[in-house]
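What follows is a set of structures to go through.
Shared between the two complexes below is chain A, which pairs with chain B and chain C, respectively.
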Partner chain A sequence: MSGGSRREALTWLHRWLGLALGALLFAIFWMGTLAVFDREIDRWMMPSTRLAPTGAPLSADTVWQRFRAEATGSPLWVLTLPSEREPVARVQFAPVDSAARAIRIYGSHKGIPLPRERLAILLIDPANGAVLPDPGTRGATGFFFPFHWHLMLGEGSVGQWIVGLAGLAMLISILSGLIVHRDLFTQFFTLRAAKRGGRLTLDLHNAAGVLALPFHVAITFSGLAIFYFLYLPAPLEHTHQGGERQLFVESRSGYSRPKAGRPGEMASLDAMIARAETLWGGGRAARVSITYPGDVAAYVQVTRTVEDRVVNDPRPVYFDAASGTLLKFAPIRPVASAQRYIAGLHFTGFNHWLLRWLYFIFGLLGCAVIATGGLFWLQRQRKTGGPSRALAAAEAAIVASTTGLIGATVAYLLANRLLPPGGSERAEAEVVVFGLAWVAFAAHAVLRGRAAWREQCAMIAAGGLAAVACNAWLTGDNLVRTLGRGDWAVGGTDLVLLIGAALAGWSALRLGRAAPARANLVTRASAR
Partner chain B sequence: MTAAGPAGTAPRPAGRRITAGRVALLLSTIAGSYWVANVVTGWLARLLVAAAGWQNGEATILSCLIGIIVCAALVVWVFAHRSPIRACLALLAWGAIATGVGWVVPDSFGLVAMGPPA
Partner chain C sequence: MTGALGPIAALVLAFVGLALLALTQPGQRKAVYGRNHPPVGAASRQAMRLGGGVLVGLSVAAVLATSGPAFGVPLATLLLSVAAYAVMAALTWTPGLFRPGRSLQIDQLR
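Let's look at the complex of A and B:
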């Protein structure tokens, strides 16, 4: 095969992978980009959690005593301590006899299956230990983030495999794109803004792709590397006979023992936290988990915050729950540490605002690369093949998966402000609104053809402005007030919504001006 | 350009047939690459444990990380090959041989038991 035809075959690979999985990749990138600021969006979506940080640490013993009766018999009880990004504490357990406490469906925790329909997630005010009212929303941590990695189809589900396949396709697209776009640096400095149509779209695709290339490679590979044991099961089957838990116990210095079935006591959790913090030699505790609470074989895991480092190694310390004696604390081994570093690059658990913003911007650039790739193909097909039913369907799919998804996200935020107060049903209603809005945007794209681009941009602009206005009107937290008190989580979300609305509005206007010009050209050509 | 279709039917566009063939090639390549990468990483993990004395977890993680890159690289290699169809067939053959060796010769080289997982 000559160099030309090799390049042609790789161009074909690059194009078809992009076309076949572009919509899915855009959704994964978009949700992942939003998840970079998931805790901040949570504050926007859960007004009851907009608390000022308290100086005094929360006593884990006090919180445990409060839930002791309800949590005894639950497979797991987890307390997530407040942090700079999340000023509320969070308690998770499966109550044995309290249906009323079941607030949200959340799944499993670290491989231990929890009865989904009865899992309680309670938010605690760290200032006084009081249980905060049910926010009635999944927020960003309960929707954008899980959508990003399993499409809301559940942990270990087919959704995770679909995301894995899309990740692999992205990695292949990047590799083939590097060969296809041989003159990377020349292309990076080539942005013919004065040109219209396909040429400008391709320039944007190349420039955005090259600018964020290291990020795209790192984020795609690290995304796949997080679930290495799921995507490539053969090594696990050879070395651990398929035992995922055994792998974690071994590679991440985990600990596990069976339940005894006899009642047991509970030593001081605060003392265990203090001991763990001494063992770490710096860094504070982020989470306390009790496995089999109330059982004589119960054990406590205290994990460290990862907000001061890239490596996502929580350095777990295990204690016997009844006596408080240390059961296990060992550093993870080098390869596992390298894998946790790669995972940490993806999770962005670290508190570094400049890096976090760069992740957000590069994530948006990833979305732009995917969208402009599809758009360029569309423009070229229009030029070479003329209008056809298949082309119209492809255009509708691209519109629905880009502006349609962004519009559905804005609808989700609007629903969060406008739905009447409620519990878990309200949270699920928000997700239904998201789904219905996405379907509506897709139907609109089918019905309106090319005009859908402009109209959906206008709808996103209006929706973004309405979300900011509703937040100010219904919670009293307008931009001046939030920024005045230094609440960048809520104020920043409002600002990003306003900037997004402005960009969408500008795009709608620009597309509106381009449409009559195109119509004039067609009229002149047919008159000739 | 068109090609004659079955008797009594309209000719099919050649471009569409080429695209369908390439899509089949792409799917086979992805499946073959995944197959080879998975089997080979399984071998690698056992080799690291048995021959180099690595801890099971460490061997599993490293081989999986390598496997992800190998899988993506194999797809690109097939399409960059002089004859992608032949490369894809070779890939599928490697997968079959690698799996077959594991099943037929359970104690290859007396070093690693490459038999089917227990």
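Let's look at the complex of A and C:
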């Protein structure tokens, strides 16, 4: 194959991968970008959890005594201790009659692959151990984050495979895009802002893609590397009797033993935490899990926070629940450690604020690469092929998957402020509002054609402003108050909403100015 | 506050280093100095590329030294990208920033 035809083939691949999977990739990137600040958005969406940090550590024994009766007989009970980013404690336990073998907990930081949907979740005020009222929302950790990695289709589901395939397609698109870029080095710093139309869009696409290339490659590859055992299971079957489960036991210091079926005592959890912290030689406990609570064979896993490091290794320590005797503490294997570093780069469990903000901004740049790619294709098709039904349908799909998705996200936040108080049914209603809003934005895109870009930008701007206003009005937490008390989680979310609204409003105005100019050109051309 | 010094120094070093590399490109020089400006000589170009490369290297070293390798690798990489965007923005909207006096012409000094 000659150089020219190879470039043509790769251009075809780049274009069609982008067109076929652009909408899905944009959704994955957008939700992942929001998940960078998931705990902070949770504070915004759950006003009852906007608690000031307590000085004294929360006693795990006190919390366990509170739940002892309810949790005894359940296969798993988990206490997540409060942290800088999440000032509330979280208790999760599986229903008593659920199958113990279905619960897999390896102690990873954000609960993966702990099946959240199968666990009852209760929020605890660390100051007094009281159970907080149900926030009635999935928040960001329960919606944006799972949407990002399995499209809300469930852990281990087809959604996770779709996300994996999209990630692979993204890597192929990046590589093919680099090869088909005709002037990669000579136009490395080029942005022809004075140009209009396709030239400027292509420059923006190239700038957002090429200058942030290391981020795009690293974030996509690390996302795939997290679930290597799911995507490439065959080698594990050969190297580990028992496959994935045995791999975790061996390489990441997992531990399990069967339930005895006889009642047992519970030693002090606080003493186990203290012992684990001594073994770690620094770093505090993040989570305490009891498997088969109340059984004589029950065991406790204490995991370490990863907020002070990149490597996503919670260094689990296992104790016999009845006696408090140490059962297992072993460092993870070197190769597993390297994999956990790559996973840590993706999870952003660390409290490094500069890096967190850079991840957020570069995540948005990832969205920009995908959106400008679609936009460039549209502009080119309009120029070469003229208007057609297929082009109108493609434009509607691109509008719906970019500004439509952003609009639906704003609608989700607005619903969070405006729906009447409630429990889990309210949380589901918020998700329904998100879905309906997305459908409405898609319908609007079909009906309004090119004007949909401008109008949806205007709606996003109005929605963002309304969300900030509703937060101030309904919770009393306006920007002056939140920033005054140093609450950067809520204040920062408000600020980002305001900046987003300003950018969307500016885009709507610019598109509004461009539309009459375009119309004049068309009128002059048809008059000739 | 001292924790911010490494990233700030890295950003400045990377900006200057990448700007030097950008100014070795004919297209960027034309944007900065105008069409009639003489092309940069081979020795100047070599010196600017070397200086740019060294400054970029120093930028990475500054982050690694202050943040350690685990945080330093992603941080240095992203700061380089930020500096590259800053150079692109400056070349686009304030090209005058790169010609406070006269352009560097080592060949003409000889």
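One rule holds for everything that comes next: the second predicted complex is superposed on the first by the 498 of 528 C-alpha atoms of A that agree within 3 Å, B and C clash if a C-alpha of one lies under 4 Å from a C-alpha of the other, contacts with A are read in each partner's own complex, and residues count from 1 in each chain.
In this text, a contact is a pair of C-beta atoms (placed from the backbone, for glycine too) under 8 Å apart; a residue touches a chain by one contact, two chains touch by 3 or more.
From a predicted model like this one, the values you see are computed outputs, not experimental measurements.
> Please work out whether A:Tyr255 is in contact with chain B alone, chain C alone, both, or neither, and reply first, second, both or neither.
Touch partners of A:Tyr255: none, neither chain B nor chain C.
> Now for A:Trp16: first (chain B), second (chain C), both, or neither, which partner does it touch?
So A:Trp16 only meets chain B here.
> Should A:Phe360 be classified as contacting the first partner (chain B), the second (chain C), both, or neither?
Neither partner.
> May I ask you to decide whether A:Phe215 touches chain B, chain C, both, or neither, giving the answer as first, second, both or neither?
second
> Is A:Phe329 touching the first partner chain B, the second partner chain C, both, or neither of them?
In the superposition, A:Phe329 touches no partner, neither chain B nor chain C.
> Can A:Trp161 be said to touch chain B (first), chain C (second), both, or neither?
Neither: A:Trp161 stays clear of chain B and chain C.
> Just chain B (first), just chain C (second), both, or neither: which does A:Phe347 touch?
In the superposition, A:Phe347 touches no partner, neither chain B nor chain C.
> Where does A:Leu247 make contact in the superposed view: on chain B (first), on chain C (second), on both, or on neither?
First partner only, chain B.
> With both structures placed on chain A, which of the two partners, chain B or chain C, ends up touching more residues of chain A?
Looking at chain A, the partner in contact with more of its residues is B.
> Using the superposition described at the top, list the residues of chain A that contact chain B and also contact chain C.
Common to the two interfaces on chain A: nothing.
> Quick one: in the complex, what on chain B touches chain A?
For this pair, the touching residues of chain B are 22-23, 26, 30, 34, 37-39, 41-46, 49, 55-65, 67-69, 71-73, 75-76, 79-84, 117-118.
> Over in the complex, which chain A residues touch chain B? Could you list them?
1, 6, 9-10, 12-13, 16-17, 168, 171-172, 175-176, 179, 221, 224-225, 228-229, 231-242, 247, 250-252, 333-336, 338-339, 342
> Taking the touch rule as given, give the residues of chain C at its contact with chain A in the complex, in rising order.
Residues in contact with chain A: 4, 7, 18, 22, 25-28, 70-71, 74-75, 77-82, 84-85, 87-89, 91-93.
> Which bits of chain A are touching chain C when the two form their complex?
Interface residues on the chain A side: 185-193, 207, 211-215, 218, 309-311, 341, 345, 350, 352, 354-355, 358-359, 362.
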